[in-house]
Amino acid sequence: MTKKVNIPFEERPQGSTDVMWRYSQNPVIGRYAIPTSNSIFNSAVVPFEDGFAGVFRCDNKAVQMNIFAGFSKDGINWDINHEPIEMVAGNTDMIESDYKYDPRVTWIEDRYWVTWCNGYHGPTIGIAYTFDFKTFHQCENAFLPFNRNGVLFPEKINGKYAMLSRPSDNGHTPFGDIYISYSPDMKYWGEHRCVMKVTPFELSAWQCTKIGAGSVPIKTEEGWLEFYHGVINTCNGFRYSMGAAILDLEDPSKVLYRTQPYLLAPAAPYELAGDVPNVVFPCAALSDGEKIAVYYGAADTVVGMAFAYQQELIDFIKENSI
Amino acid sequence: MTKKVNIPFEERPQGSTDVMWRYSQNPVIGRYAIPTSNSIFNSAVVPFEDGFAGVFRCDNKAVQMNIFAGFSKDGINWDINHEPIEMVAGNTDMIESDYKYDPRVTWIEDRYWVTWCNGYHGPTIGIAYTFDFKTFHQCENAFLPFNRNGVLFPEKINGKYAMLSRPSDNGHTPFGDIYISYSPDMKYWGEHRCVMKVTPFELSAWQCTKIGAGSVPIKTEEGWLEFYHGVINTCNGFRYSMGAAILDLEDPSKVLYRTQPYLLAPAAPYELAGDVPNVVFPCAALSDGEKIAVYYGAADTVVGMAFAYQQELIDFIKENSI
Amino acid sequence: MTKKVNIPFEERPQGSTDVMWRYSQNPVIGRYAIPTSNSIFNSAVVPFEDGFAGVFRCDNKAVQMNIFAGFSKDGINWDINHEPIEMVAGNTDMIESDYKYDPRVTWIEDRYWVTWCNGYHGPTIGIAYTFDFKTFHQCENAFLPFNRNGVLFPEKINGKYAMLSRPSDNGHTPFGDIYISYSPDMKYWGEHRCVMKVTPFELSAWQCTKIGAGSVPIKTEEGWLEFYHGVINTCNGFRYSMGAAILDLEDPSKVLYRTQPYLLAPAAPYELAGDVPNVVFPCAALSDGEKIAVYYGAADTVVGMAFAYQQELIDFIKENSI
Amino acid sequence: MTKKVNIPFEERPQGSTDVMWRYSQNPVIGRYAIPTSNSIFNSAVVPFEDGFAGVFRCDNKAVQMNIFAGFSKDGINWDINHEPIEMVAGNTDMIESDYKYDPRVTWIEDRYWVTWCNGYHGPTIGIAYTFDFKTFHQCENAFLPFNRNGVLFPEKINGKYAMLSRPSDNGHTPFGDIYISYSPDMKYWGEHRCVMKVTPFELSAWQCTKIGAGSVPIKTEEGWLEFYHGVINTCNGFRYSMGAAILDLEDPSKVLYRTQPYLLAPAAPYELAGDVPNVVFPCAALSDGEKIAVYYGAADTVVGMAFAYQQELIDFIKENSI
Amino acid sequence: MTKKVNIPFEERPQGSTDVMWRYSQNPVIGRYAIPTSNSIFNSAVVPFEDGFAGVFRCDNKAVQMNIFAGFSKDGINWDINHEPIEMVAGNTDMIESDYKYDPRVTWIEDRYWVTWCNGYHGPTIGIAYTFDFKTFHQCENAFLPFNRNGVLFPEKINGKYAMLSRPSDNGHTPFGDIYISYSPDMKYWGEHRCVMKVTPFELSAWQCTKIGAGSVPIKTEEGWLEFYHGVINTCNGFRYSMGAAILDLEDPSKVLYRTQPYLLAPAAPYELAGDVPNVVFPCAALSDGEKIAVYYGAADTVVGMAFAYQQELIDFIKENSI
Amino acid sequence: MTKKVNIPFEERPQGSTDVMWRYSQNPVIGRYAIPTSNSIFNSAVVPFEDGFAGVFRCDNKAVQMNIFAGFSKDGINWDINHEPIEMVAGNTDMIESDYKYDPRVTWIEDRYWVTWCNGYHGPTIGIAYTFDFKTFHQCENAFLPFNRNGVLFPEKINGKYAMLSRPSDNGHTPFGDIYISYSPDMKYWGEHRCVMKVTPFELSAWQCTKIGAGSVPIKTEEGWLEFYHGVINTCNGFRYSMGAAILDLEDPSKVLYRTQPYLLAPAAPYELAGDVPNVVFPCAALSDGEKIAVYYGAADTVVGMAFAYQQELIDFIKENSI
């Protein structure tokens, strides 16, 4: 992810001192961007060929959840397929899904890996690989239900694949912490460790109800840079904001730093109103080593982008860590 | 309802392919349209004399719920009485109500019938008739509490009055299906049958939590055309959308077709924000046999309108049926 | 019900001053009284031929709920059929049931009528008649779901059948009041009136959460004598006790008297422990005009009996009325 | 409070007949008014020197709640300190707080008193005094947890300090009434009396779930004029509106008048959308004896102002009293 | 309390090694010990004249809660008045109560003080004094609602009355910790401090949901010996057990020792079954300096006793402290 | 497990026709069988040397949950160690546990394997092996939290270890189905498949809320014989009963037969009353090929035994299958 690509970016607005700022043309993908869609949000983007490819959550007008491939030259203007991804068998024949949502994508070694929330008697983590974003090979679900927000590391750690995830229940889960699990083969998973838990209300209320991994971690000299979401339960429902953590490169179950303040919280109109008001939900981040572009779902309705300078952001995380 | 009247209508916007579209001048009735009102929504309209009459839910600034008569030449510009409807005895002397809300109106044989959610030790279905929208004769409540969304068919079926309704509980009911009941005399009701249930989440999530009848059914050659609302329970509350079904003419407990996608879901600003965000709630539909105009409550605050071409809509329902 | 029959009875125990007392041989029907039963409780008894007949709730060992006919010479020793009642069509062809439980029985004019909680997309009130307790003719459900504890009066009132019932929700309903409804024909029901509501906690806590009609009312000079159950919600669940009310003969929606203290509350071992601890639930009462025998379900597991002197009981109700 | 000060004010808009109206330049304080703030709302203002001082709830970007002093010449343009108030010992050494929010301020006799919701093993009422809005002396918490919305009267009553408050629980309390308590010394409190309870849903639904004192009461000839908030629990969460009551001058536990309609309910965009949608929450009121200016939190995000003519408002309250 | 009285006692059963053991003749007071009672439990006992007096919670058969005086020569055989205590004005004229339950009694200086859970718009702590257990003078409620388990210390501490209590909510509170408050005059209360909180589930699960003070503290050289109840929330409801703590003599908000294991948990039949199964709830303790007798409510139905040797108990608490 | 051992057994009582019957000397292990125990239940037994060994859940009097080894000559009279099992590192160094409960034990190939509910940031499945029931080697937890009732098959299936388990949430989970997972090495797990789900209420209510694997499956010619528990949610809490299923030998995710009626449900006094009333919870079964002995926890307090003839039981399951 950190190879030099020409990532989409916009400089910090004049007068702003924020470490992360919104794209002035947000939302970059509207709710009706494909003919059948009710909403497009919580989607993943990765450098591909001479531009970018993505896997997008497009809920249709029956509010069925599915994931769609898309392509872009600049990371901002997207052609999203009108038909959802159809899976072929990867390391399993069981490739059924009641629904698919909240995809993440990363390149590992020789191919692209997609993870998503996969409906198999409840939400769990689906896995597939693709070489071309045309044919996708579905693998065994990583875990038993109930789980959400499965995010792969972009390289093996100590010789094994590593995945962040958030064990859940079968509804609008009112709790949730981030764990890491390892696999030798993308089929069997174990060595589960707790990575990050919710914070005490008094310490950092925006992430006191539940948290979940967001983007595929970005490798930096300081450690793995991970954007995640945190939730506070107000009297009028959940409010989702974005923070970031830096995990140890060798043992990413160790949190080195973690933002006490949020980086981005719902405040723009397209974040405050929509199918689910007050949601900022990061699912992907691009880095060229200097600049960072984050893709996030807004109000469970559209896709927005936010930007940061990587070193400045890392400094901010370290200086504002819990 | 299907007699040729000059119904309010606006052609489909250029570039739109939607089978149903919003009126460009929405909302047609604002929240403060009468001096005492906090909000006006979930209201019913019917052809009357050389124009239209309606029964409107106007919550006052004490947030007391009541129904008011109103009149219009064109179905769009309304004069709503400043005083609520006062009932006189119909087939009963018990005409008390703790509150009245969500009215529907239809002509049957020789008079107009109004049904509404009537507060009698909880919500149940109130019934009244009027010849002139001046004097209203209240009849026995159709059912025991707890019930909401009682909607009469515009003619007798097999010699009996027929009513759709949604059995409920005494709060913000988190379940609800549509039933039909019959009466020989608008006083005693029976032959209760289940008509439509909520859908599996995977199949059509916008209507997976509860559904309720909306408009008085429109008689067509294909069957009874019924607009209804469906609800999904998001982590930030209920979201109400509109769909449609076609019921068998002879036995309307049989659902012939029913939309898997919604027809209209909250997306306009006046639907996304208001006293109850994310509500589209149809209570009336006008048809001249070719065009259809639907009146719906938006965000429990104002009244909006949406339009369709009848045959195209029927085709859509049949092609997109569950 | 008040004709002179030789009802089962046992005198008040020496030393007791209670107005109602338990049968010393309780429980009269054990949980395994028929080969398939897990529990037999909440059952109804009526004079029949030269003895008694009954309709019994026998949950089987799959914990499926159904009703069974039974016969007894003395009202205490019972032969309960090993097969549940199979219905034939009465005034309807819709005689399906997901489950049947909590029956009541009464004679009206020329036949025996049975009501019970009938599973039709949730609990509602099933109705059937029989002449011989062999063939049962099922009629239309009285009401839409959700309803429980439907109890018929033993004669028409003002020319109409009258039924008490308790509107409910679709689970372990945490509320419930008693209503009355009327029918000209046992098919269509209306004229619904609220009869009795739960009491304020401070006034009579045993009946502050929900109440429901129990026995078929007994006609007395003072009014209709009705045994009912009341529920308090303790920190360890619902506790069901028995009280009694006297309703106006002409207009039984008027409560003349109603016990502030309970008549019988869970205290015997077979009431305190069982499938649902702490339940006393009356479903039938026999009277010869002087003595009264009540049949009640105990701990949702077995059937118990309790006795009273009718005049003394009426005096007690009047003197201890709310 | 009623001394002649030059309070901020704007005349009623042309065409409006509302007894209270919003400031045309709302919100007067934006969510990012100080560098660290996520939101500034539910704040208190009092005349101070030749202008005004205030105590402001500023949640920072970790969503930690704290109170900040601020100053203004005109009551509209504010300089809010960038650092929260640091307390010194008043009548106690226990001046710890897990959090501080929703301050109120009043002058009594010789100093300014601040009350707020103080985090001590849950929310309770914190008390402090200041002479200069620079040094604040924290006193004993008034009550055991759990309590919110503690509001002092601006003078002693019968020789004792008097405080309104709302006993709560430890979460998003779904109930709440207003009580009064007295203290001889701002350290020990007693003589607790219930003042106002929520209203029946049918009578005034906007205040049927919970109510809480808002502004420091204004002494008028008619009694203590108190702005308070009321809450209705919609299917999409709590909606907070503003009403007013007049309490007896001698015995303020007696409510003389209380508005059945609300005075101001969420309708402006900054009230409908924000961190908690649909909140109007008064915390302070200025009066010059003729005009009134109310400061209220909007959507738990910003501060708005609303105005009224005092005598007209009092007449309105008396004429529209429950 | 620690003066030499001839307290009721029974030696430890042979073979037992328990530090606290049940009286072999339990329950000492049955549920029907007075004519009107449904249950007698959670009651308080104190040395009086040449024997003992007590204040008893007797719920009547309407399940109304009230407190009754009673007398005993030996502390085991009791004469409980058949009429509840009627209060006269103490330091207030407001002596109304919606209900009274769970009394405690202690001698301080010149009179006996009774505290109980007093119904005033919800549960709070009522206070009264008596010289003779015939005339009781009711004082101001100590706190705002909602509170339960108010227990006075038997002497002033630093010149002030001191009371333990447990802030609650208005239902079957699922949380609860023990606080202390002080009063110069039994009228105004303040200086509230948290004393003991629930334990982590892993550390001591029987007291992980809520705890509450039980007996009036016994003064010992080691500190104040306090019996309290702890609650675990099982899948079938709350289970109440008894533990003990030793509080600092000078500053009883400091817990010196506290039992990790319970001292007594529901295991006897009269503790396992009754109106509320699985409850052991201490409300009083007698000590002669060597032996201790505890009175506790069992299953919210009857009164039991348990015994211990004081020094052995103190050693046990110290050795098994958290 | 099916090798010829002399298993504990008692013939069916005279007059009984039950396919499974209780041991007449139940409970076989009392709640205080070791000095520190509050309760001993939900425990596992396996043939060992010339008798039996077991792993027992003994909650101590702080209600801390832990597992203890025990030994018996006859399977009925047990010596349980007074100290809990202390783990040494198996295939991991992470051998911490917040608590351990509900063990199961089986022999696979060369050693005994123990699984249990292991507290690691919530309940998950712990694994250990032992050769001698003295030294236990703890391995990686099988799954992420939240999971309960992990039960190993007694031999590898298709070359892999196989485990049944029940994904849960972090409280008194109100749902739960049985899944199977596979592992090549007891460290990494995958190939998760749903095996059995709860039944519709109408079909078999005793298992309609949640189900969980009980005993280590017994290999028979008909398939794997598995005893499991099923739960119904009554208005007074969960009721746990025992049923049995036969799973396909080759692919145990296929259920061949499953009992519609329960085999054993709470009815004996020690099952109806205790720390958690109404619990029958099987955790182990011994078979000599002809006779079967099941060990089950009763009321979360003691251990009971029940017996069956294997072939008769299998015939019963096949004849009474859903």
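Which chain is which? They are A, B, C, D, E and F, in the order written, and residues in each are numbered from 1.
Basically, a contact is a pair of C-beta atoms (placed from the backbone, for glycine too) under 8 Å apart; a residue touches a chain by one contact, two chains touch by 3 or more.
No experiment lies behind these values; they were computed from the predicted model shown.
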Neighbouring chains shared between chain D and chain F, ordered by label: A, E
For chain B and chain D, chains touching each: A
Duplicate of the A-B contact set - from B-D, B-C or A-F, the pair where over half of the pairs recur: B-D
Copy pair chain A, chain F: interface residue numbering same or different (half cut): same
From chain A, the most remote chain by mean C-alpha position: C
Reference chain D; chain at largest CA-centroid distance: F
Averaged-CA centre spacing for the pair chain F and chain E, given as whole angstrom: 41
Averaged-CA centre spacing for the pair chain D and chain C, given as whole angstrom: 54
Residues of chain E whose C-beta touches two or more other chains: 236-237, 273, 277-278
Each pair of chains that touches, named by its two labels: A-B, A-D, A-F, B-C, B-D, C-E, C-F, D-E, E-F
Parts of chain F lying in touch with chain C, wherever the complex brings them together: 17, 201-206, 232-237, 239, 260-262, 265-267, 269, 272-273, 277-278
Of chain B, residues touching chain D in the complex: 31, 35-36, 38, 59-65, 98-99, 119, 172, 236-238, 273-278, 300
Residue numbers on chain A that touch chain F, as the complex places them: 92, 94, 120-122, 124, 140-147, 165, 167, 169-170, 173, 175, 177, 179, 181-185, 187-194, 197
